[in-house]
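In what follows, a structure is listed as structure tokens, so that the remarks can point back to it.
In order of appearance the chains are A, B, C and D, and numbering begins at 1 in each one.
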Amino acid sequence: MDLRVKLDDETHEISAVPLDSRGRTAVDIAGEQASLSVTIVSPNHLHLEVDGRGTDIFTARSPEGTWIWSRGRARLLQDADKAARRGGNGPVGRIPDKVTPPTPATVVRLMAEVGQQVEAGQPLVVVSAMKMETTLSAPYAGTVTAVNTQPEARVNPGEILVEIEPAATGGDEEES
Amino acid sequence: MFGRILVANRGEIAVRIMRTAREMGIETVAVYSEADAGALHVLSADQAVCLGEPDPAASYLNIGKIIEAARSTGAEAIHPGYGFLAENPAFARAVDEAGLVFIGPPAEVMAKLGDKTEARRLMAHSGVPIIPGLTEPETDPDRLNAAAAELGYPVLVKAAAGGGGKGMRVVAAPADLDEAARTCASEALRAFGDGAVYLEKYLDRPRHVEIQVLADAHGHCLHLFERECSVQRRHQKIIEETPSPALDDDLRQRMGAAAVAAAQAAGYVNAGTVEFLLDQTGNFYFLEVNTRLQVEHPVTEMITGLDLVRRQIDIAAGLPLPFTQEQVSRRGHAIECRIYAEDPANGFMPSPGPVLYARQPSGPGLRYDTGIRTGSQVPVHYDPILGKLIAWAEDRPAAIDRLIRGLEECAVLGVRTPVEFLIDVLKSPEFRAGRTHTHFIDEHFPSWQPGSEENRNMLLGFAADELTGVKNVSGPAAGPAEQGWPSPWQTLSAWDLAR
Amino acid sequence: MFGRILVANRGEIAVRIMRTAREMGIETVAVYSEADAGALHVLSADQAVCLGEPDPAASYLNIGKIIEAARSTGAEAIHPGYGFLAENPAFARAVDEAGLVFIGPPAEVMAKLGDKTEARRLMAHSGVPIIPGLTEPETDPDRLNAAAAELGYPVLVKAAAGGGGKGMRVVAAPADLDEAARTCASEALRAFGDGAVYLEKYLDRPRHVEIQVLADAHGHCLHLFERECSVQRRHQKIIEETPSPALDDDLRQRMGAAAVAAAQAAGYVNAGTVEFLLDQTGNFYFLEVNTRLQVEHPVTEMITGLDLVRRQIDIAAGLPLPFTQEQVSRRGHAIECRIYAEDPANGFMPSPGPVLYARQPSGPGLRYDTGIRTGSQVPVHYDPILGKLIAWAEDRPAAIDRLIRGLEECAVLGVRTPVEFLIDVLKSPEFRAGRTHTHFIDEHFPSWQPGSEENRNMLLGFAADELTGVKNVSGPAAGPAEQGWPSPWQTLSAWDLAR
Amino acid sequence: MDLRVKLDDETHEISAVPLDSRGRTAVDIAGEQASLSVTIVSPNHLHLEVDGRGTDIFTARSPEGTWIWSRGRARLLQDADKAARRGGNGPVGRIPDKVTPPTPATVVRLMAEVGQQVEAGQPLVVVSAMKMETTLSAPYAGTVTAVNTQPEARVNPGEILVEIEPAATGGDEEES
């Protein structure tokens, strides 16, 4: 089995032979070998023996990838080839460079109107989620071409609340 | 004693209150919003009443619906937990007027202490030291500017009705004051129903040290020592401990006495917390009184051996405190850390969503108060606390090591959590040395990113997960199981037996 | 301090020892038999060595294999837990001779105290009160008969090498003496490798009260108060608590002093327990010294705030005790109950088999030390202990209520357990009144059968289980799911997300 | 759905209508009605609301029946009709009235020989399991017709270690 696995922002090449009847295999990560023995403890719990050292691994699959836990640390790992096919472009949870909320939220205050000139970093919208307010700022300088929301509106990540035409290039803000 | 109480809250604190109630032979009623059907606090109660839509105004903040739920189920008292209506005097008054008992201080005491400027005046008159600043709420931008200039920047804009780090903004320069005051007022209005703000002098890297007090309805008031809650992010506590590494017996005694004086000045009844800032020269200043159970109350329980919820219920039922100040003792060291659904690598942004898998740490000297389980949803509508892990041990180094061991056993998959951030903080030399202050995280972990210690094991784990495929038997793995078996959930046990 | 230790045991005690070792920064090595592959103690260690076949002689009692496992993994010390080789002087000597450290008393002290008749002689010479009886082992039936007649029936036949209730028989009449002595000798030979037996006067309904002692290698010896372990079945403790309802401060002080005197007379080093019988008039008699950690050590940890395994490891590493007798304090009340795979309705017969489902109780003031998980096998070859549930609280009534609450959250399905028997015992007026003695179960629960309190809920649960069929989604049930879905284990998370 | 369920030694008649879309049903146990609402918390965990009162139920299926847990109490419940078809005759774990060990065990001592007259209650075999010895006694008076084991033998429940012809009736001991 050959895998290309995305962990944080790096892609790792992994190859492994199928498990034998006792759950053992050999794994190669970027040229480094490990002898591995796997016990399925429960559907979400694997016990690994890696070169003779025992360690617990918890796993959970989601549409975005597989959550893998090791000794208090958890990551969403992705099959890089599948992620590329899905058009996935990076780990979950980062602030996009568009005026869109990081989580489902409610609009508290709008500080932009169509035609307005804005500087990079200028506050445009304040949203509230989980009792905490967050200010969404202009990702770059330009002219506001559309305001797609209003106070009290429920908004979701990916919805572009304020569209801006960049000052210098005049290009399509959807590609910025 | 009450035969049945309603817990007007959700999550870990509702579950924790119900456990003590059950031990006291008191039946429990849960309330929940549509976002919390099947939540752990609903499963933990004897009865459960759905309040309606997820929006807090329609559910956990809806006074009328909650009192109606208590009436319809025959509950005699209401425990508010923390957050939501816990510090809302109108709620306490409404409970009272409905002929029910509010498990907390009287409404008028709560109102007096809940107004931060009035509380500051009260403390100043009672000889409790206060931080220099405005003693009245102020909304006029010009007067705010003038007051800030007089105090000298940086200043702190605070919501008069705020608490728990909500509704607070540090302002470093005059240019930022207006927007900070507006945002603060707007947050306060939404969160507490009161948009009044005031100003305070901002202290340089103080410690946050608070004193737990207990007062019964018979004039008996005592303190249960301190909690140090300096380690904060976004002005919200994330690691709390007792004893404080900064207190000696003399300072502890003086702060305890000040807290009891503060509580008595206010006519306090039930459990409360007097918060202080402690500066680097050992001066302490009154911050505010939290008129409710604190999130971090377990560390006090661990070092004193007392059950604060039991004490709250007993006091609300009119019983006198069964011990004196002299009979209260502390032993060992306890540390709590809070586990939220949040991304510590990304400004501690909330991370709502489904909990795909959850595993509780356990073992000697560990306590895990949680409100989630595998299959829970962390709704977007509420404070995203998942649980609290508390370690206690013979001394501070052993408690730190135990807490790290517990965090290394704690798994929550599907949402981001600060577990590994907390491990890194607890392992840091600065934390080990006890040199904490309220800017500790900003100073030592300003742009923390997850480490790569476990990357190799994670990659091996991913490979093992792919290699093992469908997981329906226990024991050594043996290649992917064949597809298309009917209903392994149902017949797993039988297969297991047959092996 | 050691860098790595081997734990020569299995189940809950091995897991518990490894937890403290991990907190101390010490790596752990597990050993296991083929019956225990995938067991919790194996998963909890940094390394694991398979000793061979399930038969204890081939695995957990095999001194040579265990020492070889320590050598091959580079372990510097061996913790024996309780049972198996924990009180075997030959093992302690072999560990020593292999250049490793035995975490327990010196072999010669263990040998002296392990021989019950020699221990009785030693105590008698040191002024510690002993029960009337033979001071030498005796195998000749005629001489046993004569000695029993002299003491007066009932008498107790005891294995000289016995402990933990194993190898003991009460004999009420001369006709039964021969068979009892033979059975006792045979059990002792199989269990301890030594078939010697002796006789003691049998006391009427005494309490079993034991004192925990700690002695370092520098001549420092102190006690950690008592544990009352009167509630027993088949001469084995099932409920243990501290403080004892029968002790006042004066008696506690005298028994503590006697225990320290006993330990010092034997030249004791490390953690040990001096067991006494306490008669109804307040006289106490030396019973034996357990030269190891006890099953019930957690109740002492809960009321003193100390970690006994940490103390054991420190002492074995040559460190002096870091506190004096005066610095040890007790607070609150702690009760433990043991959960075995056994059928309390059928003579507490062992009930080995697969654990189909296990759920841990949790919450403030509860500790659950367990060695099993969903999917575990309870092998037929070993003592069938599954775990221990410990509650501590402000006082005895609150601790009882908390323990009941914990038991009511504890689920082990697939094998029979005493959980509901324990609930009934804890709820009984006799237990609540603290009127316990070693025949408590025989007297008050002679032929206990499970009650029908939950029968209606169980029948409804059975119906609900049938109605819901295949269980692969979380949330309100909605009729049996369709059959034949591929691999729900694998895709559950994704489905959950899609809802 | 109609069920006949064995719990301890009693058989209970249960009928229930299928769950509606919100997990609700009505159940009749021996003429007594209950309104029931069911939430599947996990594969082994159901939450019931019975006439408005919440309660947790844990379940686990085994070849002998279904283990059901309620508030610290656990029982093996059986579908009485299925149990009858399988020839099951009672709950697991009771001592049979034959000379057979209650659990897998090792024979320690034999105190019976062929032709011997024995009284009811007379010790015949001592077995050891989990470090504990148990004496197996004659269930009735009679004559020993066969001894099917020897010291040190591993024996299992159901194996008749000593066969006895009853004294009075002379019938077949297999039916006693």
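Side notes on the structure shown:
Convention: a contact is a pair of C-beta atoms (placed from the backbone, for glycine too) under 8 Å apart; a residue touches a chain by one contact, two chains touch by 3 or more.
Values in this document were obtained by computation on a predicted structure and should not be read as measured data.
The chains in contact with chain B and with chain C alike are A, D. Here A-B and B-D were compared by C-beta pairs in contact; the pair with more is A-B. Here the CA centre of chain A is 28 Å from the CA centre of chain B. Annotation: 54 Å between the Cα-based centres of chain A and chain D.
If you average the Cα atoms of chain A and of chain C, the two centres end up 49 Å apart. Chain C has residues 37-38, 354, 356, 374-375, 414, 471-472, 474-476, 489-490, 493, 497 in contact with two or more other chains. Of all residues in chain A, those touching 2 or more other chains are 39, 41-43, 60-62, listed in ascending order.
If you check the complex, the residues on chain A that touch chain B are 1, 3, 5, 7-8, 12, 14, 16, 18-23, 25, 27, 29, 34, 36-46, 48, 50, 55, 57-62, 66-75, 77, 93-95, 102-105, 108-109, 123, 126, 128-135. Put simply, chain B touches chain C in their complex at residues 15-16, 19-20, 22-25, 37-38, 298, 301, 305-307, 310, 329, 331-332, 354, 356-357, 360, 362-365, 367-369, 375, 392-394, 398, 401-402, 404-405, 414, 469-472, 474-476, 481, 483-490, 493, 496-497. Of all residues in chain C, only 37-38, 42-43, 45-48, 373-375, 489-494, 497-498 touch chain A in the complex they form. Residues of chain B touching chain A in their complex: 166, 179, 183, 186-187, 190-191, 234, 343, 346, 349-352, 354, 356-357, 359, 374, 380-384, 407-414, 416-417, 419-420, 423, 450-468, 471-479.
Only residues 39, 41-43, 47, 49, 52-54, 56, 60-63 of chain D touch chain B when the two sit together in their complex.
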